[in-house]
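Note that subunit A is present in both complexes that follow, paired respectively with subunit B and with subunit C.
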Partner chain A sequence: MSTVEPPPTIGYGPMKRKEDPRFVRGQGRYVDDLKLPGMLHGAALRSPVAHARIVSIDTTAAAAHPKVKAVITGADLEGLGLAWMPTMSADTQAVLATDKVRFQGQEVAFVVAEDRYSARDALELIEVEYEELPAVVNARTALDAGVPVIRDDQEGRSDNRIFDWEAGDAAEADRVFDAADVIVERDMIYPRCHPAPLETCGAVAQMDPVMGQLTLWTTTQAPHAHRTVYALVAGLPEHKIRIIAGDIGGGFGNKVPVYPGYVCAIVGSILTGKPVKWVEDRAENLMSTGFARDYVMRGQICAKDGKITGLRVHVIADHGAFNATAQPTKYPAGFFHIFSGSYDLEAAHCHVTGVYTNKAPGGVAYRCSFRVTEAAYLVERMVDALALELKTDPAELRLKNFIRPEQFPYPSKTGWVYDSGDYEKAMRLAMEIAGYDELRAEQAEKRARGELMGIGISFFTETVGAGPRKDMDILGLAMNDGADLRVHPTGKAVLGISAMSQGQGHETTYAQIVSEELGLPSADIEVVNGDTDRTPYGLGTYGSRGTPVSGAATALVARKVRERARLIAAGMLEAAPDDLEWERGRWFVKGDPEQSKTIQEIAMAAHGAGDLPEGVEGMLEDTCVYNPPNLTFPFGAYICVVDIDPGTAKVQVRRFIAVDDCGVRINPMIVDGQIHGGLAEGIGIALMELIAFDEQGNCLGGSFMDYLIPTSIEVPAWELGATVTPSPHHPIGAKGVGESPTVGSPPAIVNAIIDALHETHGVDRIDMPCTPSRVWEAMQGNATPPQ
Partner chain B sequence: MQVTVTINGEERSAEVEPRTLLVHFIRDDLDLTGTHWGCDTSNCGACVVLVDGEPVKSCTMLAATAAGHEISTVEGMADGAELDPVQQGFIECHGLQCGFCTPGMMLAARALLNRNPDPSEVEIREAIAGQICRCTGYSNIIRAVRWAAAHEATTTTQGA
Partner chain C sequence: MQIPASFEYERATSVSHALELLRDKGPEARLLAGGHSLLPMMKLRLAAPEHIIDIDGLAGELGYIREEDGELRIGAMTRHRELLESDLLARRVTIITDAERVIADPVVRNRGTIGGGLCQADPAEDLSAVCAALGASVVIRGQDGERIVNMLEFHRGPYQTAVGDAEMLVEVRIPLHTGVGSAYEKVERRYGDWAVAAAGAVVRLEGGAIAQAGIALTAVGPDVTSIAAQDALVGQPPSEESFAVAADLAARDCSPSTDQRGTAEYKRHLARELTLRVLRTATARALRGDA
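Up next is the complex of A and B:
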């Protein structure tokens, strides 16, 4: 069978992914695939209790195990000044516990042995004596008098408060609420859940004592930021640390923080002189690494004459035992202050109190731009609650209150400037795809037959692509990203980026950006990411920063190279640079298009022997650092249709319609894939995923038998639509999309469940995850919040 | 103990502890790292391989139990440069993102197509129901398997 080779893909469009051939052959390079000569294996001993003083640790028997090479405790690390490390929120976190354990699953000791089974055998031989303390499990009572102080390692601390933070104008909000003719209040919880990428976290550390060079292969979404943390922790210069992220089996925010296991692997390698691999198991991943959400919220919404006028929110944020969120320093509650959503309000105000509890540290953004998910959930639940109160159709209420296209750039009441949007268009498209009126008719018919069907809407606006250096940093590091582009003599190019793919397909998308700008085939552009020795500095991929920040850097560096190419082409064509015009792939003389030089010809000339125009450097390469002038504001309209079994209260998502506007789409195939995946995670969060705790602080979500993740059975075939409203300030008009579906889908699902049960069962609130037992309780009139 | 298996048509042996899981045997002793693992409780299916043609979670089986059996892993799916239609389908239909679940998904799909060359959407969903993909939301995996089924049907007709 002869196949005709398709023409090479240039520019944007649904191009197949460049990374796929190695993955479908099982040739991915994940950290656990790495095997180095003499490599040892590490394993962590973890606390069985949530809060206890460590009385003693006896490692004699473990150290005597014939295959054990090293046993490390907090006391050993203290001697090296490594017992504590900074978190991404500038708190400190114990690497190995010295004084107390503060959550179940906390790292207490680390064993290095010849193989992974022996390392775990040896953990059983370590004797730790604990003096148990009462555990602080409920964030709502963490600040009560008499509650044990969790962070007594911090001098002068007398309670469990981490921060109080507010946004918006409280007095103005009060005025608007006083003038309103209807006020609705709801308590709701965005429960603790976990990104749970299919690959757990891990590292292989190799310390070369002769050269003083540390190489760390590790699961990180932010290789450069991690390198800086290690430099700060270990006192090694950054150029002596190389971080290689390889292929990553999903991240979703879980692989942003630095974990104690990574540091212990490094220490293990320093002590033994051998490479040390540490890969956590699933229980360790779910019980100890970055969880997400855990926001207890009280929202109030008010309206006058059917127009939404104000929104007020109080939040208690549970950050666990160490404040290990990874968000811009100035914003301890992330971008939660986007909670006024897509509506043109008169006033909005939020107050967030962060507290310590005896639970795993984190508060990472699980497929989310720094608490945008919690914000979108809050406002979209509140708008539906208002619709119930006003007995208005929830779609109508939204359409009536949207920010209108001509109001952009729109200054929100909490300090954002939304870049662009056409909300009504997206909403109407979603309603059209769904057949909204027909669905309402079907619902009425079914109701008459005693069947339970619900239609839920959510309309979200995100703020992504952090961020402008005047406003945003993490650990003092500007949230900018670099790009290096080098075009070789034969017209093949290498792009180095500071973003790091965890499955998003950076090798394809970023090649397409360069291809669009220079006219080189995407196949001729290699994208390097995840190796700090081969890429420029930048903060990495999370918070939907990829396309908004790194994508912009990529487009701009390509444009710089294109301008250099213009000068060289001008010399070749004996024309003035200003007399040349660009057409994708070549510079030509204005008015004489035959007179032209392709980018490949120019690349060869740039490296060639002939003279270059005066003042033009040879070669064809450049670098760029992008500092975004503003964030971008993707939005979308989601409609969910659920059926609920009246006998078992099981919720089945029958249809899910998602219209996303992420501005210009580079590779629509990849964009749709991102949306599919995020919607599935949204269904998981809304219906299944929960990290719960008992009163002693025992984690009840420590395995995939307890922490339930959607399979092919729980999710429907997705129905997608798109509108395109380019970002006016982004070099290619793109806004970012990876997280929109996870942000937008949970409120649509919960709204659908309430919609199904309100008329027949009087249900007007329910908390996630909406498991059959929880829905059943709500149907009986006694909905209980999660623990 | 010495364990010998036939893996991707080749006989391979290694000395292992009796408690060694098949997934670790394949990855660490036979150095075939295309088979992944993602959980401690046999829930995720990242470790699926074919044992005598049937999909098996290789974290749920001891290497010793697999002795003498025929095992197929992702490394054996392609015939040199020629990809299995399932592999090609995953590329064509964007059936993978991070690629971590992909080997297990493709092997389950291969086993399904071997016994049912024309599976419906529901049959495909059921065939992979024991496996988790955290990235794709499954729709494109299902399309990928349908692509492979359709492609195999055409090649069979053409060949006949």
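Up next is the complex of A and C:
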């Protein structure tokens, strides 16, 4: 098939994604596409119950299955010192259960067989005797006296508390609340949901016994960090481990942790001497891998003379059976302390208590920079609650309380320094696109006719791009990223980055950054990511850290190469380097623009036989590590319009206006695509997604028939707008955008639902997911948190 | 990837071949029609039939919609998509068109069949209620011939029907009358989800009064047909008052349970609300003469 190549594009601007031709043709290369000679297949036996002591495991019949090559249990792993592994949060997690099972779906045994069918069949031949224990399901009561201790594997432990953590000034907050003339309190839950990437997690492990080399093709958003974890867990020398991520079919934070299945595939390959593939099914992904949120929150907001003065929050954070959340070490509640949002407060304080429950481990940052989503939801719901109390328009209340442009860099009451922003401008633009006043008039008319229409606002500020090494790390590893850039003699370049695309379009965006800096066509720049042997060390793609960290490293390495090109060009033009001036794509002699060398000519000269200026080495390449001086603070103004059927309580999102300010936009088309996807996910979270459990700890969300994700029918035609406030400290002024829509949209939707129902039905609170039944119950005065 | 347990597979070439296979393989054999209920259950290992008799090849023999002897006859292998796109159904039994619009999604509708849906008898399946409201009967064929049973007899509760081990459903028959209007409405949490609750109504008007009414509910308990509501309407003028009486009875007599889709109270509310709505729509259609 012949294709028409688009004209070469240089620099920033809308450009079709370089990776899409293979994706839209079904030619992506995912882990499950890999077939190696002699490859075996693994499958995990999982616990049917949430909490039980393991009395015995009998694998005799499974091992006797003619196609089974190995059956691995926790006892076998104990002999290898691999029964437990470190989590990303300095806890330990069972690879295969030895003493107890602690959540339904936990891995108990692993079978390696000649094909996937036999592996699954053999699981049914394993006999496990469980002695059931009461399950701890409700995080609110997990710390009560007499509740079973889940983590009795930890010496000296007598309860289910993981941590207590505070930010802000409690005494100052008390003072501000005492002086306030209005205080509003709300209980709310950000329920447990799941990133649910369409590609589930999986791996192919190949231990080469001759070379002593382990190659692991795996679904990971952080290949280098995973390699270090395997080196630490398995005691394998790190230089003998190669992680290859290939194409990843969505991650959203779900593919940050290291899962037991990966480790079992490695052990299976070591034991059998053959490559072992393990790919989980949908139920396994939903039931056992990193969930998100599950924050039970009590917020208090106060105001004096109509000005918001303080915000206090208590949180119970349900982390499941192992603390496997991936947060920077110093911040067990992630960046939740961005909860004072976009407002200039006098005081703010939060207290977060993390607890163990008999549920799957996680608390991953689902399209979110470490709990920013929970924080934005809290503050935006609280501001609306205050607006109801003050009988003020919620837009007006926000406009009155925003941090003003001249206050940046703005030190927040919880320790952040916001880099830049013009909140009023974004808010006014969103109101203009929405036709805010007309919408309010329409709402009044409809209300008079008995129709239910709501207008909801959310204004969020994120903190992304982790992060400065002085402030944060994961597992002791600095959250910095590298970039390697090589320009070949013919002017074609290869860029290696430590970020790892899961669909974000890295191959295009990063090529455009190099293109902008060097003037090479984007099509001439190949971006390599996800292969630890071909890319520089770094912590991967999550928490909207791609452009803020790896993007900065990319711009800086391109500038280093450009400076080296200047020296070479100076020799070619017989001029002093300082006499040269850069114009995108070429160096020329100041005052004599005809005297110039293009970057391609310089690349050839750098590799050519001719002399180079003294002190200049050959070739045209460099490397760079970026340590961000601060995080970046994207923001946005979202307005949602809902219609609610008064008879069935079904919510329809009719319009959604999203004005995002993510600083400088490299590829506006990709930015829009990111926002579209994130808004759809926000609608899913607000209206339908829930990982629920019954009282015995059985997971009720283990399939796409039970765990609903939105379709095109549930989403409106998005109405997007943009303001651009560059980050002052970022090399190209970019702030990151991938997660803004998921962070910002749920509170706008919930606020719209309350707005629709407050006047007629007295509804002043409702928790997600706002299913028809839950909305109807709220209309009857029975708003309850989900189970 | 979810993987079923092993099973034997055979493809039937005719209805009589399928019936022979059913007889030979015994009660552990299952017919595979469109495959959108059975295959997911097998992949989850909730079902592990020893023999699969694939009747997809009978889509020609059993895939039809035609008017005959004052009845509509629909072959059991007629696919949802064909039901949705049928002009004949849209004109004469609009309730089927209404229901098909909200049954699953195009991928399922392209393969799933009316016979498969009725025989699976999932408690949230739509066509059982639709056929009950229409007063339909079904033709069940065995080695020894055919029998015709009405929907009340056929549908025996969740996952249970009158079809015996060595029998198969081959046709659905719907009586046709003049002066009839019908409608179906469903509430789902998301497009393509099973019903939280749904209601169907068929109303026949004669001389300004309701001569005959069919009311059936989906996903609110084992009894699909709402007999008290139907009886209350007969002889009444089609009015908000008579509809409200019927809707109250439909809500009173259903037996919903609380689950992830909604509370029992909400579902009972929906039984009333949706019964009202479909009665209004069905009556308006009957008056307009568009069934």
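Rule of thumb we're sticking to: the second predicted complex is superposed on the first by the 780 of 787 C-alpha atoms of A that agree within 3 Å, B and C clash if a C-alpha of one lies under 4 Å from a C-alpha of the other, contacts with A are read in each partner's own complex, and residues count from 1 in each chain.
The criterion applied here is as follows: a contact is a pair of C-beta atoms (placed from the backbone, for glycine too) under 8 Å apart; a residue touches a chain by one contact, two chains touch by 3 or more.
All values derive from a computational prediction rather than experimental measurement.
Peer 1: Contact-wise, after the overlay, does A:Y117 reach subunit B, subunit C, both or neither (first, second, both, neither)?
Peer 2: both
Peer 1: For A:L679 in the superposed arrangement: first (subunit B), second (subunit C), both or neither?
Peer 2: A:L679: touches subunit B, not subunit C.
Peer 1: Of the partners subunit B and subunit C, which touch A:D33 in the superposed model: first, second, both, neither?
Peer 2: First partner only.
Peer 1: Touching A:F252, do we find subunit B (first), subunit C (second), both, or neither?
Peer 2: So A:F252 only meets subunit B here.
Peer 1: More residues of subunit A are touched by which partner: subunit B or subunit C?
Peer 2: Ranking subunit B and subunit C by residues of subunit A touched puts B first.
Peer 1: For A:F163, is the partner it touches subunit B (first), subunit C (second), both, or none of the two (neither)?
Peer 2: In the superposition, A:F163 touches no partner, neither subunit B nor subunit C.
Peer 1: Would you check which partner chain A:M705 touches, where first means subunit B only, second means subunit C only, and both and neither mean what they say?
Peer 2: both
Peer 1: Tell me which partner A:A196 touches in the superposition: subunit B (first), subunit C (second), both or neither.
Peer 2: first
Peer 1: Hey, what residues of subunit A end up touching subunit B and subunit C alike?
Peer 2: Touching subunit B in the first complex and subunit C in the second, residues 32, 116-117, 281-283, 703, 705, 711, 713 of subunit A appear in both lists.
Peer 1: In their complex, what parts of subunit A are in touch with subunit C?
Peer 2: 32, 116-117, 120-121, 124, 279, 281-283, 647-650, 687-688, 690, 692, 700, 703, 705-706, 708, 710-711, 713-714, 771-773, 776-777, 780
Peer 1: Can you tell me which positions in subunit A touch subunit B when the two form their complex?
Peer 2: Going by the criterion above, the answer is residues 1, 16-17, 19-21, 23-28, 30, 32-33, 35, 116-117, 196-200, 247-250, 252, 281-283, 502-505, 669-670, 672-681, 703-705, 709, 711-713, 715, 717-718.
Peer 1: Once bound in the complex, which stretches of subunit B touch subunit A?
Peer 2: For this pair, the touching residues of subunit B are 17, 19-20, 24, 27-28, 31-36, 38-41, 43-44, 46, 73-75, 77-78, 83, 87-88, 90-92, 94, 96-103, 106, 121, 124-126, 128-142, 155, 158.
Peer 1: Quick check: in the complex, which residue numbers of subunit C touch subunit A?
Peer 2: 1-3, 5-6, 44, 105, 187, 189-194, 196, 260-263, 265-267, 269-270, 273-274, 277
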